[in-house]
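Here you go, one structure.
Lettered A, B, C and D in written order, each chain numbered from 1.
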Amino acid sequence: MTIAAGSSETQTALGVQQWMGMYRQMLSIRLFEEQVNELYKRALMPGLAHLYSGEEAVAVGICEALRGDDYITSTHRGHGHCLAKGATPDRMFAELLGKEAGYCRGKGGSMHIADPKTGNLGANAIVGGSAGIATGAAFSAKQLKTGQVAVCFFGEGALGQGLFYEVMNLAQLWKLPVIYVCENNLYNEYTHYTETTAGDILARGTAFGLHAESVDGQDVRAVHATAARLVERARRGEGPALLMCKTYRYTGHHVGDISREYYRSKQEEQHWMGERDPIKLFAGWLLEQKHAEKAQLEGIYAEIETQMKKAVEFAVAAPYPGLDQVEQDIYA
Amino acid sequence: MTIAAGSSETQTALGVQQWMGMYRQMLSIRLFEEQVNELYKRALMPGLAHLYSGEEAVAVGICEALRGDDYITSTHRGHGHCLAKGATPDRMFAELLGKEAGYCRGKGGSMHIADPKTGNLGANAIVGGSAGIATGAAFSAKQLKTGQVAVCFFGEGALGQGLFYEVMNLAQLWKLPVIYVCENNLYNEYTHYTETTAGDILARGTAFGLHAESVDGQDVRAVHATAARLVERARRGEGPALLMCKTYRYTGHHVGDISREYYRSKQEEQHWMGERDPIKLFAGWLLEQKHAEKAQLEGIYAEIETQMKKAVEFAVAAPYPGLDQVEQDIYA
Amino acid sequence: MPEAAVRELTFAQAIKEALAEEMRRDPKVCILGEDVAEAGTPFKVLSGLVEEFGTERVIDTPISEAGFTGLAVGAAMTGVRPVVDIMFGDFITLTMDQMVNQAAKVHYMSGGTWKVPMVMRTTLGAARRSAAQHSQSLHAWFSHVPGLKVVLPSTPYDAKGLLKTAIRDENPVVFFEDKMMYKLKGPVPAEEYTIPLGLADVKRVGRDITLVATSSMVQVALGAAKLLEEAGISAEVVDPRTTWPLDEKTIVESVKKTSRAIVMDEGYGRYGVAAEIAAVIAEGAFYQLDGPVKRMGAMHVPIPFSPPLEDATLPTDRTVFEAARALCSRS
Amino acid sequence: MPEAAVRELTFAQAIKEALAEEMRRDPKVCILGEDVAEAGTPFKVLSGLVEEFGTERVIDTPISEAGFTGLAVGAAMTGVRPVVDIMFGDFITLTMDQMVNQAAKVHYMSGGTWKVPMVMRTTLGAARRSAAQHSQSLHAWFSHVPGLKVVLPSTPYDAKGLLKTAIRDENPVVFFEDKMMYKLKGPVPAEEYTIPLGLADVKRVGRDITLVATSSMVQVALGAAKLLEEAGISAEVVDPRTTWPLDEKTIVESVKKTSRAIVMDEGYGRYGVAAEIAAVIAEGAFYQLDGPVKRMGAMHVPIPFSPPLEDATLPTDRTVFEAARALCSRS
C-alpha cells in the first residue's frame, strides 16, 4: 500500500467498498456545504452557517472508525460530523431552514443538529460546550457496560475553555472511553491559534495522563487508521485519548466572512486547497490503487450533486413548524 | 552551607537577621493557628476555620522572596499567607471574630482577609477562585510597568478548576509576572489528591509553556531559594511559573474535622509532624549553623506566645461593627 | 402532611432515605460530587450510602463543578440518572453554562429527541457564619430558565417526597436544601410516597393574611403566624415547594381569600423569587388585595460574616409578625 | 435627548466613540475580548480602535471567558480599568463565578478596602436566527446580585453617555447591548456628556398608560405608543436605562399619573426583570392602579431557531398595542 505524502501512519486495510463509501461521504459533505453557501447567497437561509469544507477527512476518517451506536458530539462547524455519523442531507437542510422536517423540528438550526438514531448527541454553539456531554456519554457506556465509545469533536479554539481540562481529568481518572478530537484548522474565528494557545497542544492531554497524538487531518486514511486504534483502545477500557487533526477551513469563519485578508492570506488558502485537499488526495490514491476509475468518480460526483439539489428542494418546499411548536418540548 | 535533608536546592545566602525573621514568622503562624483552635474550642469563634499548621514554610519561604508591594492571593486556608505577607495578628483575630477592628471590618471573616497595604488581594473561599485575580494583578504590573510580581497560592484541589488552565494560558501568552504556588498537602478536604488528580501536576504547567518545578515545602530555605529565583525570573519579564510545594496540614480540613481516620492514618500524621515539621527542621538548622542558641529560640517562643494571647484579648474585647455597616461598602 | 405519620426523621435523613430508595429501585441512579462517598458530604447528609451502593454509584469527584455537571448532562442523555451534589449553592456559578446552555436546552433544541433526566442537589441559606461566598441563595437564577425545574423543600416530609419525584423526572431538576435545616425533625411515613412538582402546600390555614414562604422562610412564617395568632390575626402560610413549575392557583386563591400577602424568600432582595411571586399575586388577586404585597427576605447585600450583621440580613418571626400586623391594621 | 443634537450616529458608533474617548482620557482603560482587535468584534463594533490604541490596549484573548473576566477583576483591583467584551450574552454563564463570587463581592468582603472598577460589555436579544445558545437576554441574573450595576441602553445617545459613566464608575458594571440595535441611528452630540447610572428616561410623555420598557423593548414600546395615539390613547414610555441602580421613583410616579402599566423586557418571561419592576409598581402605585400591571417580553421558552417560531416569542408593536388598549378599556 502506498503511504500518502505527509502521513507516517500505517494504513488500515479496508475493502474497496469501504474506501468508496468514505469517498462518497467526503464528497457529500463538500457538496452539502456548497449548497449551504448557495442557500445563504440566495437569502434562503435564516442566520449564518459555519462550513466544514476542507476538513472532510477528519469527520469521515473518525466516524468510519465508529460503530453505529457510538456517540459523537459536534460543534458550530458541525455539518460534516453529523453527515459522517449518518444524518441524511434532506433533513439536515430542512433543519438549516427551520422546517418541521428537520432533525430538530426546526428548533435547533445549523448549530444544533442532533439525532439519537445515529448516536449524535448534538452539535453545540458554545465553544467547548459539549466536552462534558461527550465525557458523560462515555461515563454511561462504562457504567452500563455497553461497549460504546464517545467522540468529542472540537475546534482548537476550545482549548481555551477550562471545562475541557476538567473533563480530561475525569475521563482519565475513571478510564472513560472518550476520544477528544481537536480539529486544528489554525483559526479561532479571525485570530490565528498561535496567538491564543501557549505551550503544546498534545502536552495538554498528556499532562492529564491521556494518550495523545496528532495526525494529518487531510489524509482520510491516516485519520481513520489512527482513530480506529484509539477507538479500540478506548473500547478495551484503556482510557481516553486526545487526537489532534491538522486541517484547514477553506472558506470564512461563517458564510458571511468574505473578506479574510486581514487575518489570513489568499496564498495560504490556495496552498491548502491546491496541495492539501483531502478529497483530491484521496481520489488520487483511489485511482492510483485502481480502486476506482476516473469516470466512476465523476459519476459519483454527478449523483451526489443531484442528490443534494433534491434535498435542498425538499427542504425549501417543506413547511415550517406550526406556531404551537414554540411551547412544545421545553420539558420531556 | 549544609543542605537540609530532602532538598537538593541550592540555598540562598541570607543574613542571620533574615533567617531569624523567617523563623519568627513561621512560629507566629503556628501559634496564631493554635489560638484559633482555642477560640473555636472555647466557642468564641463564629463559624469554622482552616488551619495552616504544618505548611508554614511555604507561605514564609515564598513571601520572604517578595517585595512589600508585590501581590498575593490566598485561599480558605489563608491565615499563613496573610501573616507572612505582613498582616498583624490582632487585626487578623479581630476579623476572625467578626469585629469592626478586623481587616475587613468583620465582613470577611477567616476566609476573606484582604489588605491593600501589604499587597494582599484577598483570601478566597472559592477553590481556585483567585487564579484570575492573581493573573490580573500581574497583568496590571506589566501594563503599568511597576515591576511588581503576583503570587497565587492555591491548594492542589484547585487543580480541578478549569479556570486555572485558562489563566495559565493567558499568563504564558502575555508573559505575565505571576507565580502559581500549589500547596500540595495531599488532601482535597477528605479525599486523597491521587483520587482526584490524573497525570502529572508539573506537566499541567509545562503543557502551557510555564516553567514548572517542585520543592520540599517543609524546608523553608529550599522554598525561599526556589521562590526567589522564580520571582526574579518573572520580574525580569521571563514569564509565569508553577511551583509545587510538597507539604502537609497537621490538623483537620477545618477546626471541626476531628475524626480523620476514615481518610488518613494517625501514623501518617505522626510521621509528618515528627519527621517533617518545618519549624523543627529550620530550628535544627539554625542551631547547627550557630545562627541561634536554644535559649534564644525559647525566648522567641515565649515572646510570640504572649503576643498572640494579647492579640486574642484585643480581638475578644473589640466591638462588633454597628448594624449600619450591613449596607455599607456594597458599592465603592 | 398525613395525620398518621409517627416516624420522625431529620431533613438530612429524609434526603438520604429518598436517595437510598431510588437507588435501590433503579440501578441507573448514581451520585456524583465532592466528598460524597466515605465522607458522606461535609454536612454528612449522605453518610452510609457508599457502604450500601459502592464507589461505582456514589462517586467522589475532583473539585470540578463545571466538569462533573457537564458529565452528568451527557450521562443523563445516555441512560444514567445522575444526582449531582454541589456542596454550596454559591458554587452553581461554576455550572451555569452546563445547566443553562446545555441541560436546560438539550430537549428543546433537539426538537424533543434527547432528554436530560438529572438532578442537581445543592444548598442555600445564610446564618452559618460562612460569609459572602458560602451563604447565598441563588435559586432565582435557575427559576428564570425555561427547561429547568426548581425545588425548594421546607420539611423532611417534603424533602423526601419531592426528591424522589425529582429523580424520576425526565428533566433537569435543581433541588435546593437549606443548610440550616438539615437537623430539623419532622414526620416522615415509612411507606413509599412521592410529591408532584408544581403543587404548593398550605402549611397553615388562616383567614387574614397570606404568608407565601419558600424553603428556610417557611419556619419563619410559621413562627410569625404563631405570634400573629396571639395578636388575634389568623395567618395562612403557603409554601410553593417548587418555583418552577409554580402553583400560581393555590397562591392566588389564598390571597383572594385573605386579601393581604407577604412573600418571603431567602434570595437577594431584588430581582429574585419574591418579585415573581409578588407580581403573580398582584396580577391574579388585583381586585381582592386590600394593600400592596410586601416582600421580605434576605436584604439586597452580600452576606456579611460578622454575626450581628449577618443576623440583621434575615427576617425573623418577630419582624415578619410586625410587618404582617401593620399590613392587617392598615386597611 | 437634547433638542439641539444634529449629528447622527449608529448605536455601534456611539459605543465605539465612548470607548475611544475614555481610552484617550485615561491611559489605564483597556479592552479585552475575543477578536476585539483587528476583527473589531464579529459585530464590527470596535473596528478602528486597535489602530488608534494598539494591541497593548485592545487585546485579543483566547476563548476563555472565565479566564479573562477573572483576569480583569484582578487588573481592576490593581490599577487598570478593563473593559471586557463577552461576544454573546449567552456566554456570561461562563463568567458567573468571577463576576458574582469575585467582582461583585470584593469591595464588601474586604470591608471597603479593595475596589473593582471594571466594565463587562455584552449583548442580548433574539431575532437573529441564532437559536437558543446565541439569543438570550440574561441580564436578570446580574441585576439580582448586589455589588454589580447593570446598564441597558436603548438609543445611541444613551449608549454613549452611559458607557462613559460605566467606565468611570468604581464598581463592576455590566453593560448589555442589543445585537439588533447596532445599526439603529440616533442623534449623539459631538460634545462630551455622560449620563448617570440610576436615572430613568421618559422616552415619551403620555397620560393614559405607562409602558416601562428596557433595551430592545423600548423601540417596540414607542411603536405601540404610536398605534395607541392613533386609537386616541396616550402612552408614556419609561426606560429605566439601568436595572441596578433602579430609578423606582420615575417609574412609580409615571404609573401614579397614568394608573395603568405594562412592563416590557426581553429576558425570559418568569423570574426576570419585568417581575421586579412589576412588583415595584404594584407596591408603589397600589392605590392609583386601575388594573393589574401586565408583563410582556420574551416568552418563557428557549429561543427557537425557526424564523416563525422565533418571531412568535417576542412582543411586537401590534401585540403591545392590543394589550394596552385592552387594559385601557377595561376600567
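Operating definition for what follows: a residue touches a chain if its C-beta (ideal position, glycine included) is under 8 Å from a C-beta of that chain, and two chains touch if they have at least 3 such contacts.
Since this is a predicted model, take the numbers as computed values, not measurements.
Asker: Between A-C and A-D, flag the pair that has more C-beta pairs in contact.
Answerer: Pair with the higher count of C-beta contacts: A-C.
Asker: Where the centre means the average of the CA atoms, what chain is farthest from subunit B?
Answerer: In terms of C-alpha centroids, the chain at the greatest distance from subunit B is A.
Asker: Quick check: how many Å separate the C-alpha centres of subunit A and subunit C?
Answerer: 41
Asker: With chain centres taken as the means of their Cα atoms, state the distance from subunit B to subunit C in Å.
Answerer: Result: the chain centres lie 37 Å from each other.
Asker: Measure off the straight-line distance from the CA centroid of subunit A to the CA centroid of subunit B, and report it in whole Å.
Answerer: The computed centroid separation for subunit A versus subunit B comes out at 47 Å.
Asker: Mind pulling the subunit C residues that touch 2 or more other chains?
Answerer: Residue numbers touching two or more other chains: 61-62, 64, 66-67, 90-91, 94, 97, 101, 108-109, 131-133, 146-147, 301-302, 304.
Asker: Which parts of subunit A, given as residue numbers and ranges, touch two or more other chains?
Answerer: 104-108, 112, 124, 126, 129, 159-163, 166, 169, 173, 195-197, 330, in rising order.
Asker: Give the list of subunit B residues in touch with subunit A in this complex.
Answerer: These residues of subunit B touch subunit A: 159-166, 168-169, 172-173, 195-200, 203-204, 206-210.
Asker: Any idea which subunit C residues touch subunit D in the complex?
Answerer: Subunit C residues touching subunit D: 90-94, 96-97, 100-101, 104-105, 108-109, 131-133, 140-141, 143-147, 243-244, 246, 267-268, 270-276, 278-279, 282-284, 286, 289, 291-295, 300-302, 304.
Asker: For the complex, which residues does subunit D have touching subunit B?
Answerer: Against subunit B, the touching part of subunit D is residues 28, 30, 56, 61-62, 64, 66-80, 82, 97-98, 101-102, 106-117, 146-147, 149, 170-171.
Asker: In their complex, what parts of subunit D are in touch with subunit A?
Answerer: It comes out as residues 34-35, 38-39, 42, 60-64, 66-67, 90-91, 94, 128-134, 299, 301-302, 304-309, 312-313.
Asker: So in the complex, which bits of subunit A are touching subunit D?
Answerer: Contact set of subunit A toward subunit D: 46-48, 98-99, 104-109, 111-112, 124-129, 157-162, 188-191, 195-197, 262-263, 320-321, 323, 325-327, 330.
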